[in-house]
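Have a look at the structure below, then the notes.
Chain nomenclature is as follows: A, B, C, D, E and F, assigned in order of appearance, with residue numbering initiated at 1 for each chain independently.
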Amino acid sequence: MTNHGNMYGPAFTFLGIPACDLDVPATYKGADVIIVGAPIDSGTSHRSGAKFGPQAIRGGDYLPHDGQRPHLALRTDGLKDLKVFDAGDLLMPGGDLVKSLVVLREATEKISRAGAIAVVLGGDHSIASADVAGIANHLGRGKVSMVHFDAHADTGEDQWGALVGHGTPMRNLINDGYVRGDRFLQLGLRGYWPDNATLEWMRDQGMRSYEMTEIHHRGLKAVLDESFATLTDGCDGVFLSVDIDVVDPGMAPGTGTPEPGGMTSRELLEAVRRICLELPVVGIDVVEVAPAFDSADITAILANRVVLEALSAIAKRRSGSAYNPTQNLLDR
Amino acid sequence: MTNHGNMYGPAFTFLGIPACDLDVPATYKGADVIIVGAPIDSGTSHRSGAKFGPQAIRGGDYLPHDGQRPHLALRTDGLKDLKVFDAGDLLMPGGDLVKSLVVLREATEKISRAGAIAVVLGGDHSIASADVAGIANHLGRGKVSMVHFDAHADTGEDQWGALVGHGTPMRNLINDGYVRGDRFLQLGLRGYWPDNATLEWMRDQGMRSYEMTEIHHRGLKAVLDESFATLTDGCDGVFLSVDIDVVDPGMAPGTGTPEPGGMTSRELLEAVRRICLELPVVGIDVVEVAPAFDSADITAILANRVVLEALSAIAKRRSGSAYNPTQNLLDR
Amino acid sequence: MTNHGNMYGPAFTFLGIPACDLDVPATYKGADVIIVGAPIDSGTSHRSGAKFGPQAIRGGDYLPHDGQRPHLALRTDGLKDLKVFDAGDLLMPGGDLVKSLVVLREATEKISRAGAIAVVLGGDHSIASADVAGIANHLGRGKVSMVHFDAHADTGEDQWGALVGHGTPMRNLINDGYVRGDRFLQLGLRGYWPDNATLEWMRDQGMRSYEMTEIHHRGLKAVLDESFATLTDGCDGVFLSVDIDVVDPGMAPGTGTPEPGGMTSRELLEAVRRICLELPVVGIDVVEVAPAFDSADITAILANRVVLEALSAIAKRRSGSAYNPTQNLLDR
Amino acid sequence: MTNHGNMYGPAFTFLGIPACDLDVPATYKGADVIIVGAPIDSGTSHRSGAKFGPQAIRGGDYLPHDGQRPHLALRTDGLKDLKVFDAGDLLMPGGDLVKSLVVLREATEKISRAGAIAVVLGGDHSIASADVAGIANHLGRGKVSMVHFDAHADTGEDQWGALVGHGTPMRNLINDGYVRGDRFLQLGLRGYWPDNATLEWMRDQGMRSYEMTEIHHRGLKAVLDESFATLTDGCDGVFLSVDIDVVDPGMAPGTGTPEPGGMTSRELLEAVRRICLELPVVGIDVVEVAPAFDSADITAILANRVVLEALSAIAKRRSGSAYNPTQNLLDR
Amino acid sequence: MTNHGNMYGPAFTFLGIPACDLDVPATYKGADVIIVGAPIDSGTSHRSGAKFGPQAIRGGDYLPHDGQRPHLALRTDGLKDLKVFDAGDLLMPGGDLVKSLVVLREATEKISRAGAIAVVLGGDHSIASADVAGIANHLGRGKVSMVHFDAHADTGEDQWGALVGHGTPMRNLINDGYVRGDRFLQLGLRGYWPDNATLEWMRDQGMRSYEMTEIHHRGLKAVLDESFATLTDGCDGVFLSVDIDVVDPGMAPGTGTPEPGGMTSRELLEAVRRICLELPVVGIDVVEVAPAFDSADITAILANRVVLEALSAIAKRRSGSAYNPTQNLLDR
Amino acid sequence: MTNHGNMYGPAFTFLGIPACDLDVPATYKGADVIIVGAPIDSGTSHRSGAKFGPQAIRGGDYLPHDGQRPHLALRTDGLKDLKVFDAGDLLMPGGDLVKSLVVLREATEKISRAGAIAVVLGGDHSIASADVAGIANHLGRGKVSMVHFDAHADTGEDQWGALVGHGTPMRNLINDGYVRGDRFLQLGLRGYWPDNATLEWMRDQGMRSYEMTEIHHRGLKAVLDESFATLTDGCDGVFLSVDIDVVDPGMAPGTGTPEPGGMTSRELLEAVRRICLELPVVGIDVVEVAPAFDSADITAILANRVVLEALSAIAKRRSGSAYNPTQNLLDR
């Protein structure tokens, strides 16, 4: 009865890469990366719409969907130099969020056990509590560190009385032991949430959380420089969680809880590139793209580029070749 | 922690009428009508966004929100001639649809026991399985008949495997005995759903379901004429459920599952007026208004007018004065 | 300092017709029709934006702006068979509405004295109190009858305490003696305004006001049939005032105070054609087009067609040739 | 280098039906219907954007893309009861319109020779000059009659000096002998184009062209009744060409040259159903859907329904079972 | 007849803070801050729509409207640590701008005399000539200095011949002696207005006006550093006037006269924070938010944050506690 | 039959400057600058719509269209200090791109021979292959150097098999000898196109192409500093080609192939100013503005400002007066 390729729309893969079926291991044998959609938005506390994020991110591009994307600056092709498959969208109805998150956790665990990096297209941020957990189930609890881009800390104790929701996943991950609080990096926080009690809880966990004003005054480079060493101390892999609302709403309006004063698109893309060049990324999610509030698809296209930038950098890292951002494009 | 007046935004009442608190009976003593919001959309099978329906419907007007609305044609004021309160929005988070629907069912039962007509602002249509049930719990199972405007029959057996959802409420109401299948009138069906097995189930229940082509060829008046007598045969009250997608998407684009070829706004408003003038309405819901897809608020304003038209006609019916639609406005 | 061709944007004429300057009679010598813009919206009680109506109506077309428009059905060219000029936009700043309306009144009086039909592109409906007055100043007070399409009667006693505004022009015109109340036809009223006291005042003036339900039940043709004779009884000319909100918001969303349940575009166009074929029209205004709320310019294009339909029919009436709407296009 | 499934975006089939490759006959063996996209808009005289029509029409639905659509009223499934394939989009770059139209003409000829009905998703209306020609190349010049829904006659002599364009296809088809002028039915014309010389040319060809005013006064049923017999007189098949702008822009804003005063969505769907039930349709195109100007996808969804309505009716016609539109849905 | 809470829509307070009535001093006894709406846009020279600014700014948030907002970085709550009330919208019809501005001037004078900071939500910028004047009437003419963020100098001599308008308020304030020209700081100017004569007048008044290129080359910090000392030299308080168009239209599209090349949202928020931390702010207005041109409410949310950032910083300043922007959030 | 002033809409000039007719030299005698529109978009590989760019750029402003624009910072008036004319739009139908490009090439050659700077409003970027060629035909092949702002290199070998298109103009210009590869500066490249073979071709030509990451790390100033000397080495003039998609889609959404991570509007405007102050500009095009995807006209207004900034700086350069960007506006 359902469309297994894409829960809420036509079935097509990320920019034309080959499809796979998570229930049939032969279809993703030897995969480096498996992309999967988590089309759910009932965890959001405000504007819904992120369940169409996977569809918008997959299609957010103006070039032919031919399964290749040579990266201009890095001179790698994240879709060809790596073996990448698209497993379609998981069946995650919104009416029972807890049950749907189990489906996702089992999927990323399966992907991780297959030796592949899971790239999860959200959906609201409640999915992080499941997709990271699935990977940690394979790699070991506490063995995965987090790099988390977001306007919001997502460390709430509950949401409307429920434990799951897009305001609580990071607390759940720490409370459940999947991720250590002192291996948790947050970038881009701002605004008027959470309250002091939650901030104290965060401090007690040893989290490292940078709000935009500190980044504004110290620079994003300095902030990343002081954080990277910690992330690989005692952890085997890094999970990169990108809430698109880390970018200023002026550049990424298509999201549910927009908070002004964020990063530029360029800053996010540069940071994602550096993280994937320098750290052993084992999983990625890109969340909170809500196409109904987008303008000319710019938010969806940005999220598409976050995925491509990450895959291109991972391919570059695996190639072992050098990269100097100030060297001219045509001199490489 | 929550805003009890309006779950997802600023708190204000329907066009400025007095607020009440369902937990404090003194605040709605003597009420003829109580409006309540059901801001949930996790029951939808496609585009979410209807959880902002209550806010959009309450505010969908260009006149001062002064708690009065003299009806030009009927010469009654549905907000002043009746005693109408707004109970705000219920706390209905989307992540647990079943639990949230219980909250709504209890609310409409409370309103009905207080002797008032419940007017529920949706939300997706899954709420009908709860708001009608609440009233039937008070008036008696099988004692409430249904008039249901919709592009879709909403009689699915399940939705993504779940019993609740916006595709199943009418089957649930009949299966659970709240409403008799042979006291169930459906108007405006069209399109490519449900399948034959479901249509046969509907026939077996004795439902009376009119698709648009029959209405197009026979006229809406003829269709209503042949149905009204049945609705009050053995039933004490009529519940009016208006899915705004019964109107053509050209005139009501702000909805989640738009099906072309529907009624005009005028046809719907005329039919609602007649139903409330001629039948003993005990409850109303107006559902599936999704503001994110609206154009210049026209769908929200239409839904606002469905409520006003209904209340104006109920006031007229209670006044006992005559009404002739072909008599000139200034000759009344 | 100002742009005399178009107050709020680039200067261009209605579909490319010749420009004229109201201060230089030689530029519009022998004119049958003079189009003029009244770009003001400070008389509106809700959404502003109608001051860009003139610009949107002039440009609302997809054919080359070549100053000609052969009418498919009538076989006339309203822009070529008549001598039509565009006088650009009047300088009507919004901060002093009373003063700006004087500018407009003087302009239409000048046009009328030049023997031309004034076609005024609004602007909010407050302008009707001035543009009709200007014509009546020339033809004689009480000598001009009105045909008024609108969702609203616009007969309010005041607006926020002021006499001028888009809710009061029709009362002002009658109170000031420009138009006789018993030569005043209103079509398309609906909704929840004005109150009973105002309706009684309207009845006392002998106005003939048809709300949509009466039109729905009796038909627009019947309603027009019974009204036309009166309009030319003792009056020398008819002023046609078209508030675009007479059309259903589904078909004309680009307006400030949309009221659901209106006419279709087709009904309005057919009625305008018939009025201009059968009655001695001396002035026209088309008001309340607010482009900021429009969708793909459909409201602006509709208003453009109201003007073209009127001019085409006036040209047909002046040609004296017969017209039968049921005769086939290619058999004419 | 190109994406053969969909020229300008992700590749997916119409509502999930099987794909085929026009170059590989085995992939569409036994086909009843083959859908193909013609993504080109350089023939348009105004707003471009129709090249994304095929993508929007294929995806314009809220139900799972599962390759089936049971028709509520007709009790057939146009996608299952017929053998339907989607051949993807043809490679039709806009810079050389003449060359791209040859590609389309060869495609529909191939489909027709395979014994299938071609359903072409446009694209601007210039494609009709090619898709009809391809079928006539197989069935015989003059052996295909036309039913053409449109606001515009599309019989211009040239466009900006070129023979091809969306204003000229019908003249080209007649001039080139593909279709006889006296087997050419046009429905829905209105507005201010073409000029008298062209209308006289149309009359001289024996065309039967109905403008909206005649339809308004006589009724669509009467107009169809008097036309059907002619269409099958000496012709073996009927081509149905639906320019979506035949519908009022209020209900179908997503198009390039919107002309107010059109049909309702319901009228178009009813007419398409009747035509496909009563006439031997051999080809269909649905054109001028320009998603950039759409509102909440309503125009794309309407075009999707035109295709589904046609296929459902063709399946019904082939089944030989009776259909009475006034019989109740549940009594069938 | 009017809605005293919100002139043009539903009545609700800024993020749920308590309401007060300016006519009843007891309702705002002990207030630190009083928010009031100035819903007028007839002073604009181009796109109207700013009269809905107050409604959009009050509701521009995704968190529950519960009257509290703990500031993540400053660790204060601008709504709880200060005593803040919302006085609703003033009755300021657009047709008589001069008269409406008097209403506003009297309101801010009343607020200032009550010892509270007035926060005025505009409305177009013409309101600055009144809201600053009201405060200066209490604190003394020439005793209030100005910090003015804007793309435009707003020092025009007249506008369409009138003294009031959104292009003239700053000249009026100086000419009328409310503010000294040499205590007037302007930030963010750019574009093609005003002319040289006006620039010379500005220089003659001793104004300090920074255009974006100077800020771009020297840095916003340097520019603020050299200005702050002057502002408190001989003045008792600072008025902060924020025209939202100081931000680049890419990040704040919802405004009437957008000028490309502006500040980022982040720059504005950082500057507002610093000003309210370091200077004795006595009044604030946030103007020119025109929701009809906004995209996903991002401009309204930004304006909401300007207010919150200011109130949070004022609370921090009053608390006397230290603040170091480079100290980590969780180390405070 | 066509409108010679503006191919696809009403005819008006750039901000009200005088019109001229390229066929009548007397109408542009002594011109310093001639603006001309190239309304074509059939060269685009994705979203069409740029053919309405000329209309949107001409009208993209909120000040009166009075033919003057005093530049706040430079104290020149690019429209008055230079003699500027607007030649309207060229007749360039999209169906035959090759033929239409010839029309454009002849136009810029004519403008160049008249001693004026051609400012071409696109249109998609395929026009650059023609407008630069026209100027080089006059000044000499290889005598014009290029400064090219773009997200894309536009050096593709072909597009869908055709030589012309918006992906190939820069290769055509070099291949045809109009511009030397080693006098070709590209700024703002990013994303996933073109492939390595093309990059190698670019290197072989001696092109200097800066992608955004290099600009991000080194600064735009450093990049310009190292390039300017080369551009005038052996060349007599510089052509400035600005593809608006060089700016981040967040700030310039109204374009066909948006690539995230671009320049800010401010960076582009500052760079254009400097180029026109320091280099001998002989031609300009501003391309790829597609209004259908714009938000509140911000992209069109930005493009309008690119033209104004360029003309203001050219006027300043010709005046010979000094300019220091860090000197205060009021101290000049």
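Worth pointing out:
As a convention for this text, a residue touches a chain if its C-beta (ideal position, glycine included) is under 8 Å from a C-beta of that chain, and two chains touch if they have at least 3 such contacts.
According to UniProt, the chain labels map to these proteins: A, B, C, D, E, F = Agmatinase.
Because the structure is predicted, anything quoted here is derived from the model rather than measured.
Here the chain-to-chain distance from chain A (Agmatinase) to chain C (Agmatinase), counted in touching steps, is 2. The chains that touch both chain D (Agmatinase) and chain E (Agmatinase) are A, B, C, F.
Set side by side, the interfaces A-E and C-F show unequal numbers of C-beta pairs in contact, with more at A-E.
The centroid of the Cα atoms in chain C (Agmatinase) and the matching centroid in chain D (Agmatinase) are 38 Å apart. Centroid to centroid, with C-alpha atoms defining each point, chain A (Agmatinase) and chain D (Agmatinase) lie 43 Å apart. Put simply, the C-alpha centre of chain C (Agmatinase) and that of chain E (Agmatinase) have 40 angstrom between them.
Under the contact definition stated at the top, the residues of chain B (Agmatinase) that touch 2 or more other chains are 1-2, 46-47, 248, 250-251, 264, 293, 295. The set of touching chain pairs reads A-B, A-D, A-E, A-F, B-C, B-D, B-E, C-D, C-E, C-F, D-F, E-F, using the touch definition from the header.
Those residues of chain A (Agmatinase) lying in contact with chain E (Agmatinase) across their complex are 45-47, 189-196, 199, 202-203, 207-214, 216-218, 248-251, 253-254, 256-262, 264, 293-295. Against chain A (Agmatinase), the residues of chain D (Agmatinase) that register as touching in their complex are 1-3, 6, 9-13, 16, 58-59, 64-66. Listing the residues of chain E (Agmatinase) that touch chain A (Agmatinase) in their complex gives 62-63, 69-73, 75, 247-248, 250-252, 264-266, 269-270, 273, 295-298, 301-302, 305, 308, 325-331.
Only residues 1-2, 8, 41-44, 46-49, 51-52, 91, 93-98, 126, 159-162, 164-165, 292-293 of chain C (Agmatinase) touch chain E (Agmatinase) when the two sit together in their complex.
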